[in-house]
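Note that the chains are named A, B, C and D in the order they appear, and that numbering of residues resets to 1 at the start of each chain.
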Amino acid sequence: MKATFLFSSPDQPGLVARLSGFFFERGINIVDASNHTDAWAEGGARFFMRLVVDLTTPASTRKDLESAFAKAIAEPLSGTWSVGYDDVMPRVAILVTKESACLYDLALRREQGELRCDIACVLSNHAALERVAESFRLPFFVLPVTQDTKREQEQKMLELLKQHHVDLVVLARYMQILSEHFLTAAPPVINIHHGFLPAFQGAKPYHQAHTRGVKLIGATAHYATKDLDQGPIIEQDVARVRHDMGPDELVRVGRDVERVVLARAVRAHLERRILVEGRRTIVL
Amino acid sequence: MKATFLFSSPDQPGLVARLSGFFFERGINIVDASNHTDAWAEGGARFFMRLVVDLTTPASTRKDLESAFAKAIAEPLSGTWSVGYDDVMPRVAILVTKESACLYDLALRREQGELRCDIACVLSNHAALERVAESFRLPFFVLPVTQDTKREQEQKMLELLKQHHVDLVVLARYMQILSEHFLTAAPPVINIHHGFLPAFQGAKPYHQAHTRGVKLIGATAHYATKDLDQGPIIEQDVARVRHDMGPDELVRVGRDVERVVLARAVRAHLERRILVEGRRTIVL
Amino acid sequence: MKATFLFSSPDQPGLVARLSGFFFERGINIVDASNHTDAWAEGGARFFMRLVVDLTTPASTRKDLESAFAKAIAEPLSGTWSVGYDDVMPRVAILVTKESACLYDLALRREQGELRCDIACVLSNHAALERVAESFRLPFFVLPVTQDTKREQEQKMLELLKQHHVDLVVLARYMQILSEHFLTAAPPVINIHHGFLPAFQGAKPYHQAHTRGVKLIGATAHYATKDLDQGPIIEQDVARVRHDMGPDELVRVGRDVERVVLARAVRAHLERRILVEGRRTIVL
Amino acid sequence: MKATFLFSSPDQPGLVARLSGFFFERGINIVDASNHTDAWAEGGARFFMRLVVDLTTPASTRKDLESAFAKAIAEPLSGTWSVGYDDVMPRVAILVTKESACLYDLALRREQGELRCDIACVLSNHAALERVAESFRLPFFVLPVTQDTKREQEQKMLELLKQHHVDLVVLARYMQILSEHFLTAAPPVINIHHGFLPAFQGAKPYHQAHTRGVKLIGATAHYATKDLDQGPIIEQDVARVRHDMGPDELVRVGRDVERVVLARAVRAHLERRILVEGRRTIVL
């Protein structure tokens, strides 16, 4: 039984010792610890730490431990923090439209134990991928979106996320722009952009890439924010393309990059490795 | 003794047979041939071919061969073409400012036989790299540039390029923007941009990359055109960076990418592998 | 309607012109052509060529064209050759055991049009992946293998391959060693080895890799031959691993490499791009 | 003013807290900390930690600090440890034969501040690279080696290493096998092997790679041990090669990989990031 703490605060001397000391004093073994001091943080140097601790034989309730951490560490250091427990399985909603590759990939990795989560439901603005969701026995909801129904459908989606106790939303090639209202109300949202951001923002990035004649194409997984394609980047990768590949070939090559990049980003999130600092991510 | 022909024309049936037939009829063996038909060319489908032929025992003068090729092939097919001979060593001018890595790299590769060329001269707007040029016994000229002297200095550079019979200009981190006048009058110019174009155009791309929090940085070698950082891309590559790397670390990591990318681009040009189609390059 | 010719012969002058001339004389347009002369071939320099020609308006039957090619080109040049037609869809058998990732991947790519083939059947020595095959509506046959039944079961597999008109066998993590008898009687067999050959031959390559402390792991797709893990390599790739990854993590990271490498190899084979020269492959 | 501690010991609870507490109690700020518990270590789970601490305003002498660390931490935990100080510049000897690329690369990176070290001397069994060493103003010693003089010359080399206070020996394509005696007596030795170990051990790895028809070639930096090409691997990388590249081309492509891999390994060693565990390295 393990718990993973994520902590960040303005930098000051002695933070590693203080955080690790907190657990040591309580007889809690630190299984894994990593930290980073970011000299370029927006409000001055900032400290980030990830601590995995062993709670097999806890001396106190989780509530007590959390309350003690808040009082002894977070408050005096003006820190922000969160904790996740290994026996609480994160619940993920996958949003799709028509392209199946990322959905298959996530469902398959989950089956193979690569992603420690439950896939709570698959939401789509289109019925195309019902068969795929069915084959993995995942609840599938269609919520078609038009300009008129967008607000209403997003509201229904928020309700579905709530009903299914969703902790993370993954946009696996969901071809609708989500409103700021939705993004504020929803759990964290990870998006896969099929371009090497910030190079090719907006629509049809592979066509843009082909026209520009680039020699590498890429994909970018990032947290979705109200500013389209501007959220903090979690993971990126590229693949080499040749002059004899047309836009369709780029789509094909890109698909492999997309799904690997998205899976890595979702995995890092589920393992509680990511801290956001302004427009950047710290991946511990 | 070999010659390398580069040819392009509007696409039509029978072009491979026609070009290879031209040499076969003259008893000239084709050592290497590659071609590409580009469906996305600006004026409709376009054919590109590179032919390396053996001229060890030529049946005619080069002038006669060229003239026959023009009449029998290029004119009837509305093609554009060029030819290079293995015993005419291309002459390269390297333009630098203060950063030595690319200059060292090119000089060293030339010494090791990786780049088949003579380095005719090194031109700089700064005296910093004189020692490096000296150590490879390369002629070094300093032409400091201010806003007032730019036009005049560019003129002097054009004269130096002419005097030294330069066939290719390489901007190896030359930190001045060249005028349209210069670029029109000079031989082809290859530039290394220390960013993964089109992502980070303009100045300080590594700082831009750091601020944006990208997970990969890159470099781009392209032909310089009057539109800054917009010329046809020849080669690109990337390197992975981590959240704990500041802008200076990105510069360091990027330097390795830059010099490898630049060397590959220069090599491809010297081997006569590159054909330009609009804003893209075909690398045969 | 296109046909793809693969040809190889001892090298001599004029081969490109001769092959392309053969089609030109018959009014057949060459859509794509590439060739390579291998100076390191076992019996002296050898010429390899791939020609894609347009047969939309054929002037003769295929039989006549093939017979003419044999007489005019292959026989006088002592060449070996083959031809495939775009309207004859290659039929593939996939052999699996318990691991689903490669099977899913191939089935999915086939659905998405990335692999131009029919998956004729899935054969397995284990029932585990029946559900996966079913979900793609692929015929699934279980042929459990013990030391005593191996010969007999291989015979049944050969019959199944014949009944289903299989042109290519793909070992998608099939955990049995196939006999020389089977490999001789079967169509070409592509295997994915979960190691960066020739580094980690034999069983448990990821465990071997972990013990040796390598910093990159890889996968290798090759034609299966009687000499285990020694067949001609078609494609390889690697992924970076860190010291904190145990053998299980290497398996997970490796799985992504395996399926991409296998898919690329199968695709290259289906597009008729591969020629074998001794222990090496020429991929045109 | 910083100091970097490397520590390893059998694993037990509380180690992170104990090590960080040691410095905290003494008012010494931890600038950077990373640790790893290796479940696969030879003698059971083992703990590794790297701590960078700030000694700008030391409360004690270095000798006292080291002695306290030994008594309070290393001895009771049966740990092994070492410490380096930022104001003590490591001194490196580079051993070469005839190939200049790695020597140039290391000298250049040192000049550019990428490698924090002094290059104390260049030793060679051949005079070829004297000019390169001269151009960077590095002491250059020639010690030709024959079967008869090997023992004697190695002895002279050990004396030179001692005279020049060398902390690290880098074999930058030094084409002699060093005796066990030398390796035991010398400071740590990093070697660059021009193959993707363990794939192509021994001589002429690029020729071996070409014969085997691999699609990627690589280079491996490792600590030299008495078992040739078997030492703990520090860093590896690969580059893609094509069927049309002969052994000479592989040498050329490989050279770029070699120098980058060697530079990364030397840098990691100089930054005190490497701990050896059996045949593996932990790079913190």
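Points to keep in mind about this one:
Basically, a residue touches a chain if its C-beta (ideal position, glycine included) is under 8 Å from a C-beta of that chain, and two chains touch if they have at least 3 such contacts.
These figures come from a predicted structure and were not determined experimentally.
Two chain pairs, A-D and C-D, are weighed by contacting C-beta pairs, with C-D ahead. Comparing B-D with the candidates A-B, A-C or B-C, the pair whose contacts agree for more than half of the residue-numbered pairs is A-C. Centroids of chain A and chain D (each the mean of its C-alpha atoms) stand 37 Å apart. The distance from the centre of chain C to the centre of chain D, with each centre set as the mean of the Cα atoms, comes to 42 Å. In chain A, no residue touches two or more other chains.
Every residue of chain D that touches chain C in the complex is listed here, in rising order: 36, 38-40, 196-200, 210-216, 218, 232-238, 242-244, 246-247, 278-283. Of all the residues in chain D, the ones that touch chain A in their complex are 13-18, 20-21, 23-24, 29-35, 37, 54. By the touch criterion stated above, chain C contacts chain A in their complex at residues 100-101, 104, 108, 111-112, 114, 135, 252, 255-256, 260.
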